[in-house]
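The same subunit A turns up in both complexes below, where it pairs with subunit B and then with subunit C.
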Partner chain A sequence: MVGIVVISHSAKVAEGVKAMADQMADKSVSIIACGGIENGELGTDPMKIMEALIRANSGDGVVVLVDLGSAVLSTYTALELLDKEERRLIKIADAPLIEGAICASVQASGGFSVNEVAAAAESARSMLKL
Partner chain B sequence: MNQMFLTAINTVKQSIDTNKDFLTNLDGAIGDADHGINMARGFEAVMGKLNAEPDIDLSAGLKKIGMALLSSVGGASGPLYGTAFMRAAIPAVGKTTVDAQLAAEMLLAATEGIKERGKAVRGEKTMIDALEPAYEAMAKGIQDGKSLLECLESACSAAKEGVEYTKTIIAKKGRASYLGERSIGHQDPGATSSLLILEALTDFCRKNG
Partner chain C sequence: MVQENMVLTNELGLHARPASALTKIALKYKSNVTLQGNGKTVDAKSIIMVMTMGVKGGCPLIVIADGPDELECMAAIQDLVENKFYEE
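Our next item is the complex of A and B:
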């Protein structure tokens, strides 16, 4: 089962997105919220992200959803801290955070591959609301 | 890390602390108003790590600085400066003193690391606009047979011009890029902190020969 990591500058945002995605996902999908930095302030922490990526990966890979700016840089840095084998099946989805996380969780619940789950997250970019 | 290096890094920390509000205000104009706060928190963590291991060598010390910045800064400057110091550690392996040649190699490695990590080039209103001219000035100084201090001084002048140049251009990276043309007229906070770090190290070199 592909795991999902939700990265935000805000711990509250990451927790909230996880809660919304959990509602839609099968219980077996591991969705990890990774928001804020150590002292509870806004920001992203590559070390914390690295741990979340390891925790979310059951062997089938991880799709990562990010909010803004340093969330992407910190995730790239976290990937570099992992060894090649751990990094192989981790994909950053170029997708809106909430919608992407929900689409990814639904797809992951169906037992799809990491590429398919990432593509589902990215399909959220073109979802119209009105 | 011997006392000399600890003092050098502490000079950087003090400069960041002194300019904390200045950097945060620059970032407030075109970003998320946290650069000074983030950098001060980062160098606080750096000094904590270095003071806990006073005997660490130059290269391992630089790597430690990079790791400390990675996990404590919180903003984009964490991965960027973290990568910079970790890359600077590579040419420093096995070295105990820093001459102009090694300083230039470390600055080049750091600058290339930031370019790779941030996928940035010159002219996008980033740290690169200060660091790349600084490296070029340093390389020219070495060619002209200048001392470490003279090379650092020319690097600072070039970086300062680079910071001034960032006032004239549109931000293409980071939060400031959301402002588009409204980012013109403001100097880049990242280029400014890069200049401050170079100036602090130059000051240290001036005082300690």
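Our next item is the complex of A and C:
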């Protein structure tokens, strides 16, 4: 089953998004919150992200949801720290964080591939709220 | 193609957990599944669209399934709705 990593500059945001996604996904979907940097300040830490990516990967791959700006750069750095085989099935979804995480976790519950789970997250981009 | 007119008998309607339960069932089948309610028509396989419908408890919901396993799919959705999404 595809795992999900939620990356935010804020640990609280990452935990909150994970809580919302957990409520809607099957319990078998691994959703890892990865927010903030070591001293509790706002930021993203490539080492922490790398560990989250490894933990979330059961062998079927990982879809990564990111919040803003350097979250993407830190994720690219984390990917470079992994070996080629570990990196192969990890996809960053170009999607809004909360909506994307919920779409991805429900899709992952259905046992879909990493590309299908990422596509579900990205489908949230076009959603209008009103 | 099969169509069923249902009524949501659970208190909260298609809020987060019931919506995800319905979407997860729709995703299990090959058939296309469309929901109509609250003046909107959406793809049941998209959790975000199902939640955005805003169908409340007591409101009608039309379910349309179209594909090779449409009957099994419809039966599963009917079971979920009739049992109040197994929540109450």
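The rule is short, and it goes like this: the second predicted complex is superposed on the first by the 130 of 130 C-alpha atoms of A that agree within 3 Å, B and C clash if a C-alpha of one lies under 4 Å from a C-alpha of the other, contacts with A are read in each partner's own complex, and residues count from 1 in each chain.
One rule holds in what follows: a contact is a pair of C-beta atoms (placed from the backbone, for glycine too) under 8 Å apart; a residue touches a chain by one contact, two chains touch by 3 or more.
Owing to the predicted nature of the structure, the values given are computational and were not obtained by experimental measurement.
In the superposition on chain A, contact of A:G35 is made with neither subunit B nor subunit C. By the touch criterion defined above, A:G69 reaches subunit B but does not reach subunit C. When the two structures are aligned on the shared chain, A:Q23 is found in touch with subunit C, with no touch to subunit B.
Residue contacts after overlaying the shared chain place A:G3 against neither subunit B nor subunit C.
By the touch criterion defined above, A:S109 lies against subunit C but remains apart from subunit B after alignment on the C-alpha atoms of chain A. Looking at the shared chain after the overlay, A:S123 reaches subunit C, while subunit B stays out of its contact range. Every residue of subunit A that touches subunit B in the complex is listed here, in rising order: 37-38, 41-48, 68-70, 73-74, 76-77.
Within the complex, the subunit C residues that touch subunit A are 16-17, 19-20, 23-24, 27-28, 46-49, 52. Per the touch definition, subunit B reaches subunit A in the complex via residues 34, 38, 70-80, 82-83, 117-118, 174-175.
Within the complex formed with subunit C, the subunit A residues making contact are 20, 23-26, 99, 102-103, 106-107, 109-110, 112, 120, 123-124, 127-129.
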